[in-house]
Amino acid sequence: MATTVETKGWTRNDMAARAAKELRDGYYVNLGIGIPTLVANNIPPGLTVTLQSENGMLGIGPFPYDDEVDPDLINAGKQTVSQLPQTSYFDSATSFGMIRGGHIDLAVLGGMEVSEDGDLANWMVPGKMIKGMGGAMDLVAGVKKIIVVMEHVSKNGAAKFIPECTLPLTGKNVVDMIITDLAVFQRPDHDSPFKLIELASGVTKEEVREKTTANYVD
Amino acid sequence: MQKIYPSAESALDGLLFDGMTIAAGGFGLCGIPERLIDALVASGIKDLTVASNNAGIDNEGLGKLLRTRQIKKMISSYVGENKEFERQFLAGEIEIEFNPQGTLAERMRAGGAGIPGFYTKTGVGTQVAEGKEHKEFDGETYILERGIRADVSIIKGWKADETGNLMFRKTTRNFNLPAATCGKVCIAEVEEIVAAGSLDPDCVHLPSIFVNRLIDGSPYDKRIEFRTVREREAA
Amino acid sequence: MATTVETKGWTRNDMAARAAKELRDGYYVNLGIGIPTLVANNIPPGLTVTLQSENGMLGIGPFPYDDEVDPDLINAGKQTVSQLPQTSYFDSATSFGMIRGGHIDLAVLGGMEVSEDGDLANWMVPGKMIKGMGGAMDLVAGVKKIIVVMEHVSKNGAAKFIPECTLPLTGKNVVDMIITDLAVFQRPDHDSPFKLIELASGVTKEEVREKTTANYVD
Amino acid sequence: MQKIYPSAESALDGLLFDGMTIAAGGFGLCGIPERLIDALVASGIKDLTVASNNAGIDNEGLGKLLRTRQIKKMISSYVGENKEFERQFLAGEIEIEFNPQGTLAERMRAGGAGIPGFYTKTGVGTQVAEGKEHKEFDGETYILERGIRADVSIIKGWKADETGNLMFRKTTRNFNLPAATCGKVCIAEVEEIVAAGSLDPDCVHLPSIFVNRLIDGSPYDKRIEFRTVREREAA
């Protein structure tokens, strides 16, 4: 997907591509459902990156060909996937041992809200049917670096990078980087404030400031 | 000592009582103990507490036990894609205890390994931590989670030998392995039972000590929740 | 080994054979070093009993033939052993998960002292070089039934089944049955006193009473 | 990303410092990382804390690092059959923390799995429990044990593929697997490095994520601590 000249900001794939720039050679990575999944299509050439699926697989391959679909081989989103030469399988307790134990280098997750202190809310909306947190709380608690990829504002135009989350948390003080359709925010550690480090095409600092209620450094 | 039973019904014989706790393997519809779930439905047992990562989907997997209202409480990490569950939940007819997925897997493993409690960072500062003991280790805060012990575990394997040594295939290992260890009695259904000595002893995933009863549940017509494929490139 | 007519009491093998009478079909069993090892030679015909080795093996076979010795295949006593059709291998954390989790039906262990409350001391003597407890503390804490096999009195003639252990404990209130060269003591649960349930050949109740300082029921 | 190093020395490069903690696999002399121990001896590093079930025997395994007095403290379950250890211990030259064998294995696994502490019944009422937190669960008393994290893990495998997926052979898996997971960096020596795709993905014991550096240490001349055999029956 190429952006058209009129489009301001990044497409979903642009956001995934921006997240993919954070990959390093040899990384073990967990990708959430939605935009994060698109990161897999944007791995820079020459890098060896191994994708983990928290149900119990390292080395996720692409979707299978129609005649190679295997019900015994799915990813954490319950989609059929394929196997690679470096693939290994294990049980869920071992899988979350990897995650909780800090062996995964990077996770890219979706978000509903991120607070200026790095809290993340992405699993439930009070009053709506609660489906459950799945592995999200384990990932944010255990993975070395957490990138949240989300639209900068909600469908109603409300800011999503805010002073304090209004929704129930997935994790407290866990986010390292935020990539939206408008900008990229980063912090070097969990005691520092987020800093605006990059603007999407055609987006100004002022526009970002206007659509963000969180405190951050320019 | 004969571990092999002729059917799921016979393998459950003498183990069931209303209000019991069952640990079930599987992730989504991948590696679920279908035959044993069907036999639980047929048994009419009720007020079950079921520890399972998911609750099946409508009319598949644990969804069948939901439809018949045999489940009182679920301990799960994700119960989406299930209209009947949603209906019962919103009507207050079923209880749900949400566990982070890794916490649930570890709770099962701990219960099976004689560990009544362990500390984890997962969930600290969230609803999950409410009411749980908090403790600092090396300057970081963790919460205490409890091991789970079930009255019966039901799991699905690929191949087992006649002594109960068992292997899983690909991503079906998931919760089947930790669930197997945490049951006072573990019943495994498999696609094939082979002679002792047929499995490589270095490749056994679940040693026979964890499998108390065994059935051949074949043939299986495995369901797929989200069938995703790619196109072959033109030659 | 057959006992000669003059011999009073049980030989080491007799004691192992007596312990073997406690085996049931389908049992998973862990045998300690010394006399307990001899239990393996006394398994009643027709019973399927699987031996566990706490370093990571289920289904221990006999010592290997000379030309089949494998340095990668040893038992918990670091002796070379062989593999059986039902054998499986696993790591030590999984192995002690079996033990601690109550999956082993029976362990037969040696003992230096057993108290009338079922405390066991069998790992160290103060003032002597301490080698370590190995897996003994895990076994007595986790296995469903613990049988201690030991000589009734020490080399100095001192009682070993005593009111309270004088040596550092391996486990508190853990022993279910004691088999000595003179007698067998048993208790139905950990709140009950031990009861003398059997005498070795040629041994009298009075002799057992005389050589025992622990309180027990006749 | 190249995990394969040409030698044990090169695989340790940049990781060593005096006073560091090392987790080592092996049980007795079965499955010990011999090449890496030799390289540690040659490195001259000192004041090591070593978590390992055993301490080797005289001049074999960790016994080599004892002889050169590079170890300050051992965390072990059994250190018999080692005269040099006995001498240093009685002379107060070395510290030893005895752990029950299962507690040690679980402490390594916990450290590797992000669990800073867990409760166990093992050791309750013994010296092992002294100074440790006691807690009741369901009317039974347990003690708190801590997860172990090591600066470096050294392990011995059988085969590994070039991406680091690793298999053990027979009873060599022992402490090698839990030790591998608890190191900030894990170095594995194996008997053979094979191409990716050569190992059955269902039979990988240690997924590549746990193996940071890899060497082919062959050929091995494996030692036996107690060679026990039986006679062939006469034909």
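Should a chain be cited, it is by its letter among A, B, C and D, assigned in written order, with residues numbered from 1 in that chain.
Simple rule for what comes next: a residue touches a chain if its C-beta (ideal position, glycine included) is under 8 Å from a C-beta of that chain, and two chains touch if they have at least 3 such contacts.
All values derive from a computational prediction rather than experimental measurement.
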| item | value |
| --- | --- |
| Result of counting contacting C-beta pairs for B-C and A-B, higher pair | A-B |
| Most remote chain, CA-based centroid, reference being subunit B | C |
| Separation of subunit A from subunit C, taking each centre as the mean of its C-alpha atoms, in whole Å | 55 |
| Inter-centroid spacing, subunit B versus subunit A (mean Cα positions, whole Å) | 28 |
| Distance between the centres, which are taken as Cα means, of subunit D and subunit B, whole angstrom | 32 |
| Distance from the mean Cα position of subunit C to that of subunit B, given in whole angstrom | 36 |
| Shared interface positions of subunit D, touching two or more other chains | 106, 109, 113-115, 120-121, 168-170, 201-202, 205 |
| Interface hub residues of subunit C, defined as touching at least two other chains | 83, 89-90, 96-97, 99-100, 141-142 |
| Which chain pairs touch, all of them | A-B, A-D, B-C, B-D, C-D |
| Contact footprint of subunit D on subunit A as seen in their complex | 25-26, 28, 48, 50, 52, 58-59, 83, 85-90, 94, 96-104, 141-142 |
| In the complex, subunit B residues that touch subunit D | 106, 110, 113-121, 135, 137-138, 140, 142, 146, 167-170, 200-203, 205 |
| Subunit D partner contacts - residues on subunit C that touch it in the complex | 53-57, 62-66, 69-75, 77-81, 83, 89-93, 95-97, 99-100, 119, 129-138, 141-142, 168-173 |
| Partner subunit C, residues of subunit D touching it in the complex | 27-31, 53, 76-80, 86, 89-90, 96, 98, 100-103, 105-106, 108-109, 120-128, 158, 168-178, 205, 222-230, 232 |
| Complex contacts: residues of subunit B adjacent to subunit C | 1, 3, 109, 111-115, 161, 163, 165, 181, 195-197, 199, 201-202, 204, 207-210 |
